[in-house]
């Protein structure tokens, strides 16, 4: 079944040729079994400090009320919703890598999907923080759920904000399930590697969460079906989530918010920023934990290509918005877009354009796609640019409303900034804990793409008759093993 | 199952419950499974670090029924969402917001979609666990010390005592003939 | 290597059962204990003066509006001023210790120089000098309290024919006033959605004993608002 | 690697006589007949002929563009499974070349199709340009009559007058884009781009049949990313120019994406149906298997969901915001008139039914059922194109409200144009099939595609 990659047309090995199952188990598991390197501790303490800042900022918000933020008429939404959309967007790459690339049989995903899924979960946690605190009165958060209450009041199912709750809540739940289902076999691996009595606690904890997994083929059969169904569910889900987030804006009649391209444009932007974040994180982890054999240049190059594609899609959406703003003949619409480019927030607009549209264009060239420091810097730029995209959409549309008398300019307060920095702290704290204690690369899946995972490996070598059982339906389950990109 | 585990219970008899054969490659375990299937065994299982392509057919298994569970849950999610929205915004508290009548079908779409997906995902995960009878933290195969490499780089076949063709010597011979590198008998208390 | 004992295989069943029981208990608990039905109903604070509605409104048959005089004209039903009490208690039960705060409140409004026997009936002379102006207000404790974001207008309800008893219960039987109804939004909405059975002729609004006889006579067509801005203005 | 691929391509994969070898002649005959019908209609009822023709043009142009996209994606993702069906898509792709000449009737009818053609860019204010060619007295495009006062009460501006004045001003504003010269220039660019792309990929692929040069795969893979860029932009603006321009006051930023999604659905349906038929009649029998159809079925299903998502997004945002200048599009297609039924048919037939039907793995693997699904999608694609174009006929030409039952009146010209454009296009496609093997026999990934199995 599987042959090596066809190198003459540019296909490459995804894992170092000759890698054994044992090597893969060892190289990934060892990270969770040995004490953390100093770099981990430095990063963790830094992240935890920022997490503390988040606690302080949010505590102060609860104590004083939402007035501690810079939001004010006419900019009633600012950093809170910007951060929310930014974080949700970052989550999307995880699902894209785990689900969409799985369905499209892009086997290169196996080295990075666990990583990206974890990132999704933590990013969505950070995102969920903001709707939770954005009114400053957290004890009313239950208003967002359809619970019977003494007010006889139900949430308004015609409100995009409620759709957000359902969309992001579902997204978080499904991502968590997806991640956990993928983890079960690997947790069993970690469980079975605990041999000495000193590892008793580890054994119990990993054993508990491994649910008694014993690699049974009768289990694998249902497991793989479940995994595929989850992937198939996550794919439309990931589209829906950022589409629903975009509805927060696009269902309104606010110039600059109400354009029909918002749903796919937001999704493209989300995937774009998500890949940038995966790239930033994985490049660091690759250096710190020496994962060069598992996360190869092929992965980096492919991710850069996806960033180029999604960045261009975002550029397409910017262009269409601008074109239609003019073409519509609607003076308000036109004003908003001219104001974005030339008005008081033009600095933000041009930051966005240069980070999101111009900078990924470097990835047309292989020299830049395969340059690690360059990729790292650019991924940071993209993250910044995508934050500014949400800022530009939200703040520049609001700061000039229909009544010129109420025009204003938004200034963030220290609490705004601390909350945002703190959410980064929350994200990285969780992420570092994940790296430390959970296999950061899907062990079982990676083994499945090695050449020797194919039961016919080294048997017939292309001589068996391919055509006789063509039309017999194959029975469920196994990924065609091929340790190469593309399928 | 309900016995207390800590105190030794000498009156309980330990009997062979499993034959566990070890293999060193995906190919050999696949062929051994085919051999068992062809010999008419039913209650046996393969244990592999990753799903082995073609093993379902080699073991003569039927297709997973998970899809039906998910379909049922999807229907349940869809119905729940439609009922919830209709009840909340059309029957319990009919309400005109933003010029939209209480019964606004297009506005149903987002939440209905999300709940359908949510329920389906629950169906997929918990259905999978249910079909697999997991979590099951205690299992006879874990009595084997060699079995720990089933999640690393070794491949196992286990034949259960319940199988009508189970026979300590004949089955062992069959497994050893199918290139098993090691065969052991797992004993357990039989209630 | 067998890590977990055999009994551990009961884990899923226990988890499922625990989730069902625990979740059910938590839901039921929140459902009841976190609502105004539990937190508000039955609230009967001690008042600075043990004023008895049972005596005044019940036994003596005083009309609600004698004290809560603005109820038909204003959003607030009004806590009566000391003046209202003193209309009678300048003569009646001047020796009652329980009424001392009322008499002192009346006295305290006068500058010390004017605290004469006529102005301060029933207040001993040595008390009169020590009274401060602040004591002119009797610190009545409010029993029925709506949140600030809920706008409620007594006059609208009373003139539409909502009897006092509908919201405040049989005040004429209360020695100490207590909150009878939850005053939650759902409770308001119950009536706003279908007020017919709860309306009476405006002349009978303060009648605690009124029973409907025949079709209800409405003062005017009543269509209570159910929109947000009806109450949250 | 190449040694191995040579062992695999055993079959010749060429059409050896049979119905497919002469199909192009049949198609060409039908095309000539249909275009003759259009010509007759053009002289008797030029307005209807213009709209019917644009509808048919849209139906087949989108199939060609969708096929181009399919080919691009195979190179973008270095796909292996699809190599055996790629050539069939390439035939439909190279058929794009014929749309430039097929565009002539659209140009001939543009006076009737596009109301902006009656507004001159040069003159500001309320002036309208002199009619360009032929008699336009009867069409009364919305922008045509500010000076008549609309025929209602002297001296008072009626609502209609105001609307027309606003309309006219809007078109004045858009004149830098919506003017003849630029419009022609853009059309030229689109056709040049599509022709160039289609021909490059086609030539690379067919040249490989003989040379087996793996460098050609690399070359196509290099060309694919920029080609996708060009493809996206040209498709979008062609949609804006030719379809959105039917109602020049209406606008939607998602329109290009919507057109794109429908194109891919149509192309996937055509690909499934064609390969199934080729398989039944000859050379693809062993090359394209159930496994490939399973994947093609997934793509059909997936892209149809994408189509539904995009179409719903467009509808939903316009419905929710309820801004009059946008809702006109759906008023014309929903309202309470006959088009509402077509809209409902599209909701049901283009999304709900195929969604349930094509979801099942078994149906995607049962070829008779899959072909039923694909045929249904193709029919709904035709309905959708009709739905996109013809309401503007009622509005621009007949000046009917959407509620008027006469706003939906099928015409024999619809069918004639469908046969005409389709015949010519398919003649080119089928003729290409007789010239080259039906499988890219030189492709280095072919052997993997032949052995491909789903999981």
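Just so it is clear, A, B, C and D label the chains in written order, and each chain counts residues from 1 on its own.
By our rule, a contact is a pair of C-beta atoms (placed from the backbone, for glycine too) under 8 Å apart; a residue touches a chain by one contact, two chains touch by 3 or more.
The structure presented is a predicted model; accordingly, all values stated were derived computationally and were not measured.
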| item | value |
| --- | --- |
| Shortest walk length in steps over touching chains, chain C through to chain D | 2 |
| Identity of the most central chain, Cα criterion | A |
| Identity of the chain that, by mean CA position, is farthest from chain D | C |
| Two chains sharing the most C-beta contacts | A-B |
| Interchain centroid distance [CA atoms averaged], chain A/chain B, Å | 29 |
| Whole-Å separation of chain centres (CA-atom averages), chain B against chain C | 61 |
| Cα-centroid distance, chain A relative to chain D, in whole angstrom | 34 |
| Centroid spacing, where centroids are CA-atom means, of chain B and chain D in whole angstrom | 47 |
| Multi-partner residues of chain C (at least 2 other chains) | 1, 3-4, 189 |
| For chain B, residues contacting two or more additional chains | 53, 67, 93, 95, 98, 100, 107, 129, 135-138, 142, 147-148 |
| Touching two or more other chains - residue numbers and ranges from chain A | 1, 152-153, 191-192, 195, 207, 212, 224, 236, 247, 474, 476-480 |
| Pairwise chain contacts under the document criterion | A-B, A-C, A-D, B-C, B-D |
| Residue numbers on chain A that touch chain B, as the complex places them | 1, 20-22, 25, 146, 152-160, 162-163, 166-167, 169-170, 173-174, 177-178, 180-181, 185, 188-189, 191-193, 195, 207-208, 211-226, 229-230, 233, 236-237, 240, 244, 247, 443-445, 447-448, 452-459, 474-481 |
| Residue ranges of chain B in contact with chain A within the complex | 25-27, 29-31, 33, 45-57, 59, 61, 63-64, 66-67, 70, 84-85, 87-89, 92-93, 95, 97-98, 100, 104, 107-108, 110-111, 113-115, 117-118, 120-122, 124-125, 127-129, 131-132, 134-139, 141-142, 147-153, 156 |
| Sites on chain C touched by chain A in the complex | 1, 3-4, 31, 35-37, 182, 184-187, 189-190 |
| Residues of chain B that touch chain D when the two form their complex | 53, 67, 98-100, 106-107, 109 |
| Contacting residues of chain A [partner chain C, same complex] | 148-153, 191-192, 195, 203-204, 207, 212 |
